[in-house]
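The next part holds the structures, each set out as structure tokens.
Below, subunit A partners subunit B and then partners subunit C, in two separate complexes.
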Partner chain A sequence: MSRAALLVLADGRFPAGGHAHSGGAEAAVKAGRVTGAGSLEDFCRGRLHTAGRVAAALAASAALGVDPVSLDAAADARTPSPALRVAARKLGRQLLRAARAVWPSGELDALARAFPKGAHQPVVLGVAARAAGLGPVDAAYCAVYESVSGPASATVRLLSLDPFEATAVLARLAHEMDLVVDQAVEAAREVVDNGVDALPASSSPLLEIGAEVHAAWAVRLFAS
Partner chain B sequence: MIATGVAATARIGARGDGRGGTALPVLEGDGPLALRRTRGSGSEARVMLVGAMSGPLGGDRFAVEADVAEGARLHVGSAAATIALPGQAKGDARYDVRLTVADGGELRWLPEQLICAGGSDLYVTTRADLGANARLVLREEQVLGRVGEEPGRLTSRLTVRIAGRTVLDQELACGPGSPGGWDGPAGLAGHRAVGQLVVVRHEFGSEPVTARCLGESAVLMPLPGPAVLVTAVAPDARVLRRLLDEALGSLTPGR
Partner chain C sequence: MHLDHSHDGPSAVSADARRPDGSRRALRIGLGGPVGSGKTATVAALCRALRDELSLAVVTNDIYTREDAEFLLREAVLPPERITAVETGACPHTAIRDDISANLEAVEDLEDEVGPLQLILVESGGDNLTATFSKGLVDAQIFVIDVAGGDDIPRKGGPGVTTADLLVVNKTDLAPYVGSDLARMAADAKAQRAELPVVFQSLRAEDGVRDVADWVRAQLAAWSA
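Moving on to the complex of A and B:
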């Protein structure tokens, strides 16, 4: 296993289109719920423990070799917002395109054949991690980090927040990210034995409501 | 003295009575969970869940099972809100709801609110297993704390399967002791009432409902299957009920 491969996959400059999405931050800023570093931290913490936890368990399961088709269906059931399902598949398709070029693999090719319109991004992330020679812990770390780094960097643009402050928010969440990764990997090992019902299903009402409100806007800076 | 909680399971079984109505061959209350058959309308049988004791309290294990057979129509309500309270027994309380509706059956599961009083700790699971042509209306409302009170802790998982396929699986965790951020801008943001309305109808498969916002705090979302979910947050139970009633009305014209 190459530790450097993890840096390649987790790099914010990895060409997978994530920068176009705010992870719900744009809707939360517009609604006045995120106004600065303090509320950004609370937003990221909530996202980490809900969407981040589910994404991490999906990615870790895919990295362990669980059938991506069943994981994708489980992701659908855990994503009631159609706007978020569309965003997750769009991000999945973009990540798959990049990953196939970077780490050519039969499993990634098979995933592309099974999901011509894109699979949920965390599922692709887990299969890409496998192709890169990485394991479930690495895949879960990528997923939890993305769940908070996306909103943090989007908020820098949306509120002209000091980038130092936004990065300090991420650093303060590091310990909680470790805990969520541990739980997600544990859940993923249970999925291997007992199927996808063992995946966490943590949800946040306001992330779903905000995603649909956001999708109805005529003009927006971010895709989701 | 070591206090132990109460374990109770109530069961409802509904089937067609052969004359266009619905019979209830099983109607078994248990301890704190009493069941009353009340006047139904048309072919629908109506059952009221009556809390005969307070609770669930810490350590209690409550379960309600409803099974609706082909051709039966069942409406289940409750006489009053359920209030989760702290108990003398150690540990959390559990409340498990298991609903099965066969092809051609219909269940309207419309209980009153669940109120999580300060200091309570409750884990709720609600699972609906439906046949391909079963119909369901399911409402859940969670209220965090009585008026002016800190909320208790609640974890509530809602799973809906249609013909063996899971179309909804989501868990809400809120109250002190829940994972961080539950009341923040990506959680409830100070709202003290949250609700879900699930409507399953096979017609949604051929005529999909489109997602729409019902104001800034409620949305109607088509699920990956012939089902929709309305999710709403509100400052209190009354506003929440109005949002969910309006949403249900828009999905069932003429009813």
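Moving on to the complex of A and C:
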């Protein structure tokens, strides 16, 4: 495995569409639930342990070679909000495009054939990690980091929050990210033996509800 | 980027000139420029001028709404299925240059759903003078400024003014009212752009978009040759 390849995949500037999404932060800001660095940290912590944990387990499973079709169905079952399913597939399609150009691989081509309009982003992330020569731990790290870095950078734009404070929030969550990665990889190894029912199904109802409300707005900065 | 190379699989991964089925894809022309310079009005006028002679579609990149797409829909310049809005997360220049994935999907979906298309106009939301389109997304780009935005913009230059395949100076009818010196703008543009073309236009005039439409026709003829 190459540590440098992990940096390429995890780079916030990796051209896979993430910049247009707030990870629920825009809805939370509008609702008054995120107003500064403190509440951003609470929001990110909640997202990390719910959506982030599920995404990390999906990505780690895909990186271990678990069938992406069954993982995609499992991701659907764990994403009640139709708006979030649409966003996850859009981002998955964009990531697949970028990954196929960056790390050409038969597995990525096969995934594109199976899902011409996109599979759930964490599933694509795991297959992309394989194509990049990375393992399940790396894939899980990318997923958990994205689960909090997206809302943090969006909040900088939404609230004109001090970017140093937003980045400090991410640094304070680093240890918890390590723990979530450990849990996710453990779950993924169980998925290899026992199937996708071993995936975590932790959910955050406010993220799901917020996403539905957000999708109906006529004016918004972010796509989700 | 492989400009003339086809890939396996259902969708191309870059700006390939051919679609997965081997047919030649539509010519893609980007329109960028500062807020309020008349990009959407130019797109609307181009659609009206060209829609009877060729098959075209539009992708808009709004900053925070679907306003540009909705303007085009309201004006009924094209049937609704030929207009797609890409959401940019408050950063049109990111979506047209640094991370073009959403725009590439929009143009491919248009070709899949309403194709075959000959021309796709990709409009950026209003942005700054450094905003240019990626060569992975468009084949040629038009930068639209206007006389009311200050007649020193051609002198200031910047990647949009200096490198765009066509510079359009819009709203020339307003020049006397805002004290803009068109001759000076033309001389400054010439100094910045050497042989690259510049069009001065007023969409208030009869057939005001004619020069730009002719330029688009010439691009299309070269692309199809």
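Throughout what follows, the second predicted complex is superposed on the first by the 224 of 224 C-alpha atoms of A that agree within 3 Å, B and C clash if a C-alpha of one lies under 4 Å from a C-alpha of the other, contacts with A are read in each partner's own complex, and residues count from 1 in each chain.
Keep in mind that, in the parts below, contacts are C-beta pairs under 8 Å (C-beta built on N, C-alpha and C of every residue); 3 or more make two chains touch, one makes a residue touch a chain.
Keep in mind that what you see is a predicted model, and the values were worked out from it rather than measured.
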Room on subunit A for both subunit B and subunit C (clash or fit): fit
First (subunit B), second (subunit C), both or neither touched by A:R220: second
First, second, both or neither for A:P15, with subunit B first and subunit C second: second
Subunit B versus subunit C as contact partner of A:R93, first or second or both or neither: second
Touched partner set for A:A112, first subunit B, second subunit C, both or neither: second
Subunit B versus subunit C, judged by how many residues of subunit A each one touches: B
Which superposed partner A:R47 touches (first subunit B, second subunit C, both, neither): first
Subunit B versus subunit C as contact partner of A:A73, first or second or both or neither: first
Superposed arrangement (fit on chain A Cα atoms) - minimum subunit B/subunit C Cα distance in Å: 20
Footprint overlap on subunit A, comparing subunit B with subunit C: none
Sites on subunit A touched by subunit C in the complex: 13, 15-22, 90, 93-95, 97-98, 100-101, 109, 112-113, 116, 154, 157, 218-223
List of subunit A residues in touch with subunit B within their complex: 24, 28, 31, 33-34, 39, 42-50, 53, 73-74, 76-78, 80-83, 85, 176, 197, 199-209, 212-213, 215-216
Touching residues on subunit C, where the partner in the complex is subunit A: 7-11, 13-14, 63-66, 87-91, 94-95, 98-102, 104-105
Sites on subunit B touched by subunit A in the complex: 157, 159, 165-173, 179-182, 184-189, 191, 194, 211-213, 216-219, 221-224, 229, 231-233
